[in-house]
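In what comes next, chain A is part of two complexes: it sits with chain B in the first one and with chain C in the second one.
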Partner chain A sequence: MKVIKIDKQDFTSGIEKLADSYRLFGPVKEKESYAFQKLEKGQLPDFNFKNTRLSIKSVINPQSEVMFEYSLDEKQTDHHVMKEAKKDYSPRAIFGVRPCDGKSMVLVKPNFDTLEYKDNYWLDSYNCTTFVGLACNDPCSTCFCTSAGSGPFDETGLDVLLIDMDDYYIAKAVTSKGEALLSAASWDTAGTLDDVEDKKSKAEKKIKTSVSIDNIKDRSINEIHQASFWEDIAFSCINCGTCTYVCPTCWCFDIQDENSGKSGVRMRNWDSCMFPLFTMHGTGHNPRGEKTQRVRQRFMHKLKYYLDKYDQGIQCVGCGRCIQSCPVNIDIRRVCNIMNDYNYE
Partner chain B sequence: MIGYIDKIKEISKGLLEEKKVDMIIGFRKGTVPMINEPCVAKTSADVDNFVWDSSCGINLANYLTGRKEKIGIIAKGCDSRNIVNHIIENKINREQLTIIGVPCKGMVDRSKVKALVSSDIEEVIEKEDTMVISGADFEKTVKTSDVISKNCTICMHRNPVIFDELVAEEVDEQKDVNRYEDIDKIEAMDSGEKWNYFEDMFKSCIRCYACRNACPLCYCPTCFVDESKPQWVGKSQDPIDIWTFHFLRAYHCAGRCTDCGACVRACPMDIDVRLLTKKLEKDCFEMFNWEAGLSIDKRPPLDVFNADDPDGFIK
Partner chain C sequence: MQNPYLPYPVRIDKITNATEDKSLKTYKFVFLDPDDERKFAYKAGQFAELSVTGKGEIPIGIASSPTEKGYVTFTVNRVGLVSSYLHTMKEGDIMGLRGPMGNSYPWDALEGKNVVIIGGGFAFTTLRSSIVYMLDPANRSKFKDIHVVYGARSPGMLLYRDELTKWEERDDINMHITVDGTDDPDWKYNVGFVPTITEQKAPAGNDDTYAIICGPPVMIKFTQPVLDKLGYTHDRIIMSLENRMKCGIGMCGRCNIGKEFVCKDGPVFTLSQLNETPREY
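Now for the complex of A and B:
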């Protein structure tokens, strides 16, 4: 695969060229934080960010997404018929995807793309996207990607990895989709990876915290489920669901019909296992009625069920967003290590 | 305030050893700077994990709702007022509680501190009146009183209003503060400006409801936003639904809000939701001379009927 050197002024002109054939998205500063947004004509992705508050999940499967539209007006011939909502799936490129977010796509895909079911909303959105990663020269203190199966220079799930070499970028094509994007931008000066290794090991050294899962792997679900630490871990949780909304690997949603006058839409909205409503039955019975059960579910799903089911590590890429955003400081690193280090009989 | 911790531990251990309480709700050191985690101590060994500093902003009254145990709870001024609310609203019995009062000098606003430096804060060490903030390539000392939360800067009840033990001498209450500066500014706007102001304010809301869940007042078994028969509000990112949630929630807090700021601290998107409840707090103060949570012997103005009510409409 190609390795290209991009001078910083050529970066701008390349982005302008790409706007002809791609819908461009990238990090944009919003008040104090950054968010992925559609870039307007002439707007550049703002690379002065550490990480965005919400992950690329907010672009690939947005918080609220219309699936169908319908009319309740009986004068219309097609009233009460669910019609697929029109969407724009023309080529899209997302710039500034941090390696953890790139990796998250690989972790969530098996949920939306199974032998029996294809979630076309997710798949169409995913397939039309070229993921242009940006390596992390300067990870945050809450990052632990290196022990969560990713890393500040990880290419998994990306189509291109950009590395900021201070005066220029090195662009490493990871897939043919990525090569196509580099050509479309007329970025064609050959570069080398010679100095990249050094940057990479420097970045990796800056990551000071980690999780271990070797013991979790060997333990049975029941042993961990019944362990005595859950109540203490869950005490402070207010079940707000922030951790799951900001998480790139949390995928749950809820389907709702909303009418306005005689027309309506069927949409899906992010949902969260931390909400009591998530598991509420029509009978009023709630199998996860207690907060401790919900907190346990989140960590068991991420750190045990997923690990056992898909055999590709934990359902966490170590981005640290949940750690930064949790209003009561429930820290997945601490929880994972408690689960791993516990003295199971 | 960092000097309080020895006394907090001493009192806590005493209560547990004498079996006056089954548990004590306090804080343990957070894993990231400027946020400590609420926790429970059931033994003296657990109490050793307790900390106290300016990063104990979370309102612990929120953890009392409906509990059956005998509980010791560490309470700042605002926590104590929300405990009073809880007692008045039958969410906990006074007899169940041993309140360990903490005279407070204000809790830190993480966003204010983060805004002072350009890179990641890795460590914050608190001294008596200052904080030393450091990261990979910087170290900076700030005066704690310069970085406390907005609501703390205008707080009129820093000392607990109800307590069984007090960990230190009372601090001076603040005087000459303009409690309603922010609200006056919004009130002075015309309706178009107000519309734009609130539209911009709630633009980034993700409806996680952390503001609601962090608030001790929001204990309804099913919040109106979660009801489906009838469904009062839609569930999507439609701005009207987002605003409906916020405005209605604020009204449900009228005459009850203590301006503790827990809602703002909890918000992952830095939205100043407190501004809505503060307006209602101002109205209650001006119309009824009422401040919430000051006495367990007084009913809040919005849940009493008074035959001498100056307004005729209710008679």
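Now for the complex of A and C:
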């Protein structure tokens, strides 16, 4: 695959060219934090960010999405019949994807792309996208990607990895989709990876915290589920759900009909296992009615059920967003290590 | 790519009250496009999402049997938003059906075996489907003895009463209908809770005998020790779960017990399988 050197002024002109054939998305500053947004004509992705508050999940699998439209007007033919909502799945490129977010796509895909069913909303959205990564030269103190199966220069799930070399970028094509984007931008000066290794190991050395899962792997689901530490872990949680919303690998959603007058839409909206309604039956019975049960569900899903189900590591990329956003400082690194180090009998 | 969330349009062909207190109604649906009926090929024990346009979807067990052609039926309890609205709908109304979903009862394993069906209250819908399926002349010889223990609060709360009476008269199925209590002097069947009647009437467990239990949690709680006593091993005890659902296809995340999704990997599990998972149902 190609390695390209992009001078910073050529970067700007390339982005302008790409706007002809791609819908462009990238990080944009919003008050205190950064968010992925559609870039307007002439707007550049703002690369002065450490990480965005919400991951690229907000683009690929938006928080609210219309699935169907319908009419409740009995005078209309086809009233009460669901019609597929119109969507724009023309080519799209997301710039500034941190490697952890790129990796998250690989972890989430098997949930939506199964043997029996394909979630067309997620897959169409994913397939029309070219993921242009941006390596992390300067990770945060909450990052632990290197022990969560990713890393500051990880290419998994990306189509192109950009590395900021201060005066210029090195663009490493990872897939043919990525090569196509580089050509479309007329970025064609050959570059080398000679100085990249050094940047990479420097970045990796800046990551000081880690998680271990060896012991979690070997224990049965019920052993960990029944361990005595869950009350303590859950004690301060207020079940706000922030951790699951900011998480790039959380995929749960709800489906609701929204009417206005004689027509309406069926939507899907992000949901969270932190909310009591998530599992509550119509009768009032709730299999996870207690806060502790819900906190346990979140960590068991990420660190054990996923691990056992897909055999491709934990459902966590170590981005640290949940650690930064939790109002009561619940830290997944600590929880993972408690789960791993516990003396199971 | 086929959209797995797109319901088949159906018309409500017939609505009947299923219990004397009218809290349950049975709905017979006909597909607007006859081709969709073929695509909806199902097995006894599966369920579907009933899509009430403008209100939402609810997962409901399929009460008709694959041997009954031209329609599908469901029996729905009035509970909350969607089911209450459904109870106000009329014959001729248009809505949607998405499915079939879930794994069904293990029909391959049940072939050549004795089948003991134990049901309580409203949870008799997919059991009805199973009984009609097994009693079909083309299928009856595939199974050995069939026993059915079915109980409700009172005679008027038993689902499918006409059919129960007809099955009582047959000699190729052993019916043990029961009610918690009744002041009806003409009641000629059992009086007593399901676990008690099971203990009295069900055959002993062995390699050739499977029990399928569906019912409210208390019934299951007290029936399980009875089955243990009768010698049923946990891989011969089959249960169907009812976790809250939305997508029905293993994607929205809410119906899990451990790493299994009740909607996709279930809703039917053996007790041995359930013993390996957290009891979050």
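The rule we apply is simple: the second predicted complex is superposed on the first by the 345 of 345 C-alpha atoms of A that agree within 3 Å, B and C clash if a C-alpha of one lies under 4 Å from a C-alpha of the other, contacts with A are read in each partner's own complex, and residues count from 1 in each chain.
By definition in this document, contacts are C-beta pairs under 8 Å (C-beta built on N, C-alpha and C of every residue); 3 or more make two chains touch, one makes a residue touch a chain.
Just so you know, these numbers come straight off a predicted model, no measurement behind them.
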Under the superposition described at the top, does placing chain B and chain C together on chain A give a clash or a fit?
fit
Rounded to the nearest 10 degrees, the Cα-centre angle chain B-chain A-chain C in the superposed arrangement comes to 90
Residue contacts on chain A - larger count, chain B or chain C:
C
Just chain B (first), just chain C (second), both, or neither: which does A:246 touch?
first
Contacts of A:15 with chain B and chain C, given as first, second, both or neither:
neither
Which of the two partners, first being chain B and second being chain C, lies in contact with A:56: first, second, both, or neither?
neither
Check the residue A:256 against both partner chains and state whether it touches chain B (first), chain C (second), both, or neither.
both
After the superposition on A, what does A:32 contact: first (chain B), second (chain C), both or neither?
first
For A:81 in the superposed arrangement: first (chain B), second (chain C), both or neither?
second
Once the structures are superposed on A, label A:236 by its partner contacts, choosing first (chain B), second (chain C), both or neither.
first
Tell me, in angstrom, the smallest C-alpha to C-alpha distance between chain B and chain C in the overlaid model?
6
Residues on chain A lying within both footprints (that of chain B and that of chain C):
254, 256
Residues of chain B touching chain A in the complex
30-32, 35-40, 58, 62-63, 111, 114-115, 119-122, 135-136, 204, 206, 208-210, 213-214, 226, 234-238, 265-270
Contacts from chain A onto chain B in the complex sit at residues 30-33, 35, 50, 53-54, 62-64, 138, 140-142, 206, 232, 235-236, 238-242, 245-246, 254, 256, 258, 267, 269, 275, 277, 323-325, 327-331, 333-334
Can you check the complex and tell me which residues of chain C touch chain A?
1-7, 9, 32, 51, 53-57, 79-80, 83, 93-96, 217, 242-244, 246-247, 249-259, 264, 276-278, 280-281
Flag every residue of chain A that touches chain C in the complex, lowest number first.
67-68, 70, 72, 79-82, 84, 111-112, 114, 116-120, 123-124, 220-222, 225, 251-257, 259, 264, 266, 268, 271, 273, 278-283, 285, 287-288, 293, 297, 300-301, 304-306, 308-309
